[in-house]
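Below is a structure I'd like to ask you about.
Chains: A, B, C and D, in written order; residue numbering restarts at 1 for each.
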Amino acid sequence: MSGYFTDLWGGAVSLLEGMWVTLKEFPKRPVTVGYPHEHLKMYRRFRGHVELIGGEDGSPNCIVCSMCERACPSNCISMTGEKPEGSKKKVLTSYILDFTTCSLCGSCVESCNFNALKFSNEYNLASTRREDFIIDLLERLAEQNKASGGGDD
Amino acid sequence: MNQMDLIELQPDETFVLNVGPQHPATHGVLRVKMTMDGEYIYDAETVLGYIHRMHEKMAENRTYAQYMPNMGRLDYLSAMAFNHGYALVVERACGIEVPERAEYIRVLTVELNRISSHLVWLGAFVLDLGGFTPLMYCFDDREYILDLLESITGSRLTYCYFRFGGLYNDIDEPFIEGTRRFVKRMYKELKMYAKLVTGNIILMKRLRGHGIIDQNMCQRYGATGPVARGSGINYDVRRNEPYSVYPELDFDIPVDDGCDSYARYLVRMEEMVQSLRIIEQILAKLPEGPINPAKKPKIIKPPPGDYYAAVETARGNFGIRLVSDGGKNAYRLKLRSPTYSNMHLFDEACRGMLIADALAFMGSLDLVIPEMDR
Amino acid sequence: MELSLLNAFIAVFIAIAFVGANAAYLVWWERKGAGFFQRRPGPTENGPWGLLQPPLDGIKLMTKQLLIPGGVDKAIFMVAPVLAMFPALVSFVTIPFSSSIQAHTIEVGVLLIFAFAALGSMSLLVAGWSSRNKYAMISSIRAVSQTVAYEIPLLITTITVVLIAGSLELSEIAAAQMGGIWNWYIWPFQKSAGFNIFMPISFMIMFICSVAETNRAPFDLGEAESELVAGFHTEYSSMGFGLFFMGEYANIVIGACLITILFLGGWACPFGDLGFFPFTHHVGWFLLKLYLIIFVFVWIRWTFPRTTIYGLLNLSWQYMIPLSLFNLLLTAALIKVFA
Amino acid sequence: MSILEKTIQAFAELFPEEAAATVAVDGTAEEQTEKDSEAEGPVVARDYATRGFHLDIGVAPDQLVRAAEILFALDYFIESITGVDWPKEKQIEAVYDFCRYDFDLCRVVVRTRTPRDEPRLPTITGIYTGANWHERETHDFFGVVFDGHPNLIPLLLPEDADFHPLLKDFTA
């Protein structure tokens, strides 16, 4: 019989304790970031999809060694390059990232020995069209160069 | 002995209830075919494989380094520990030495990840029981961990932070400062959870004495992790089969011999405290030095043979068996995931339970479906 | 005669409008309150503080397709949501908001409310039965056993109050508690019944029973989403679901009104009759108490996990019914002694 | 007596003629590669530091159930069951992992081989109930038929799957 009442009392106290916890939270400021209106600053190391690094003149550092292409576990990088007349180095002619299969592992960036690839800070990656995720990185680099008025970074 | 064993029911006295593949309590695509007698479960059969991706075959088609990101996709909640297990087995096979600093940072991130995993479990578990608010608090706290880990690994869930023999990159001062602040905050938050959830009479009534798993059942099914520890089995790979720098750290393995859902609940809550202790110690004695080994084979090619490594993830013993034929790809890679064995005993244990208790019991097993289906 | 008919129409119209507005904005308040309890802001996008959310939700629900699953009993399936909303509306007729604001004075107002509340659980049964869904079926059985278990202590507690007040009419019960906070039936000391230490406990029983009667967390076993998906309204879409939703909130208002009238003195000012103060015994006090109780409903919902059906029934049969019966006996005896 | 010796002793019953003489601790991984695995005895103690397990026991399919009984009696729990396909030898190897709950660390691996064109093994679900799913999974991936298994239907693969993806000659 004593168990009956201690149960009742202990139970009621535990319930009131819980209610006190939630009540204390009530007047506090919400911690939510109202996403489309507010944005957070991305961390320096944030891994978005990869992008090419341009040199002084804005042309890509890439020398078309295909290391990244081979390192990629999901084969989402395809690149072509050609050797122009009278030049020793190969020049990148296209660099296509198929982001639909990319798992953002970063193997490509790590495998690059020529400082030609980096992670972008792009996190707004939503679209209703599949084609939006076939990203032409060379074009992207050109746009970045245009936006900043020449090569920076 | 529950009452169901005593009654022999005719098929026309029962009905089949399909819990899942899309059901709020299964946390993913798991299906349990329950034969019910009213609200009592007469028999249950778990159906898996809805997100089976054949990770083991992928291992045979990729190089060792390329396979690393797959590990995070197995268990998205404690990806760090799974990466650790894979790194361990390959390091063991190739004889790669890991520098001390890297080992400490590994344990630090794994333990942070363990807390974040347990926080998701706590929230989801109480959500299973019908309490919504703790989920939000848990995700708020987890956010701190994700931010911390994002600041050093660059990603929030599938970190892929470990490399064979070392790490992807070193931790920095803001991260250490942030972790210190987080540990302080987390102790306070755990006290709050104790008041809001642990002591709650409704929760206790629902968990105490329900979902009994005895030691024999654990042995027969190979249950590990908090499920086994909640049944009074003092088994934790971190202590039983020490790896990395765990032997140098001072922490306890919480064991509770209640055998019920509440015991498993208490074990996990205490594990968060122990993880915080580990983190504090590591922050105090983090050695300086390189994070990658001086000599490391350029192409990973383990000598032919069998290798095994096990780690303690948030859900239990994760083992990897690697069969190498000396090539660039694994000849065979077996992933022994903890939830697979833990969930297996559900069919037997839930017989005779009410459906509400059975789903609470399922929540106390801490399921992560991708890890089960692999 | 015609005038009184017109009066009745106006009264009913106001009651419906009040219930509708309350049901809609309680949803908003529930979501907003849940947000604040959970460190988040709740609805913010539609209108200032998300105030346009309820009408937009209504529009969304109405424009959605009304799905009727194959093999259901169509007539019953369609009637169930209406049955959920209807009793709440009718009950409002008897609720006195102040000494002058009452749709219709019915001498057995308390009885009428309970009669219609029983009809409410019928809608759950009918909805679950006709849905041809196992989850809905289990849920409806649960809801009925729950209602049966909790109507008993609820009625017994109400009878205790009725005994003290000496009337079945809600406005008279409220009027008996005028003249200050110390006259409310929540306190242990009553003019008519002497010192009855069990009155606060009766209030607690009443409160818990109303939470259970309205199928709200932690007693929302009928729609326990982690067990029974969505319970009895699993198969309902569009406005069918909307009506269930509105009905739930309308029932909450009724429950809170009952508690206010039976224990918190209805529209009575807590400071007694202040001659200089223009708002003594005003509808404002009634609404204040009403919304305070609803706030506690919301607060409880977002704090506790759900009980199980057996825990719930045990609570009723083991604790609530004996305690309320004891209080009824004690009150009856005390009235005999003091009267 | 350490648990390792105890286990070895318990297994002596299965291999009477070879007895303890066949128990050999293998060397480093490099040495291991040179040895022909056929030359080893059925019970081999492995170097834990390089291999990650302690005891490697090769049994014939008909000894499997007895081996599981011995391990169960010694308080081992089942970790996993899997297969390895060896197309050259026309065999499928089934690998059973066992471990212990107490602090006497000892990982035991039990192996057995079955012909590749008609893989058949006895079930151990009678002893370790948890072998049920592991055996079903091995059946899915390798097509090994476990005689006496209570419910040998696809677990991870679709119900109508008639392929075994982990066989080396499987192509998607």
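Just so we're on the same page, a residue touches a chain if its C-beta (ideal position, glycine included) is under 8 Å from a C-beta of that chain, and two chains touch if they have at least 3 such contacts.
In this text, all values refer to a predicted model and were calculated from it rather than measured experimentally.
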item	value
Chain nearest the overall Cα centroid	B
Between chain A and chain B, centroid-to-centroid distance (C-alpha), Å	26
Centroid distance [mean C-alpha coordinates] between chain D and chain A, Å	43
Chain A-chain C separation of Cα centroids, rounded to whole Å	50
Residues of chain B whose C-beta touches two or more other chains	133, 137, 140, 196-197, 200, 202
Contacts with 2+ other chains: residues of chain D	none
Contacts with 2+ other chains: residues of chain C	37-40, 302-304
Chain contact graph, described as a line, ring, star, complete graph or other shape	other
Pairs of chains found to touch, sorted by chain label	A-B, A-C, B-C, B-D
Chain A contact footprint on chain B (complex, rising order)	62, 65-70, 73, 133, 137, 140, 143, 150-155, 158, 160, 168-169, 192, 195-197, 199-202, 204
Complex contacts: residues of chain A adjacent to chain C	8, 15, 18-19, 21-23, 25-28, 30-32, 34
Chain C contact footprint on chain B (complex, rising order)	15, 17, 23-25, 39, 126-133, 136-137, 140, 196-197, 200, 202-203, 205-206, 354-357, 359
For the chain B and chain D complex, residues of the former touching the latter	48-49, 52, 54, 56-57, 89, 92-93, 95, 217-223, 228, 233-235, 239-241, 303-310, 317, 319, 321, 323, 326, 331-332, 334, 336, 340-341, 344-345, 348, 373-374
Touching residues (chain side chain C, partner chain A) in the complex	35-41, 44, 299-300, 302-304, 319
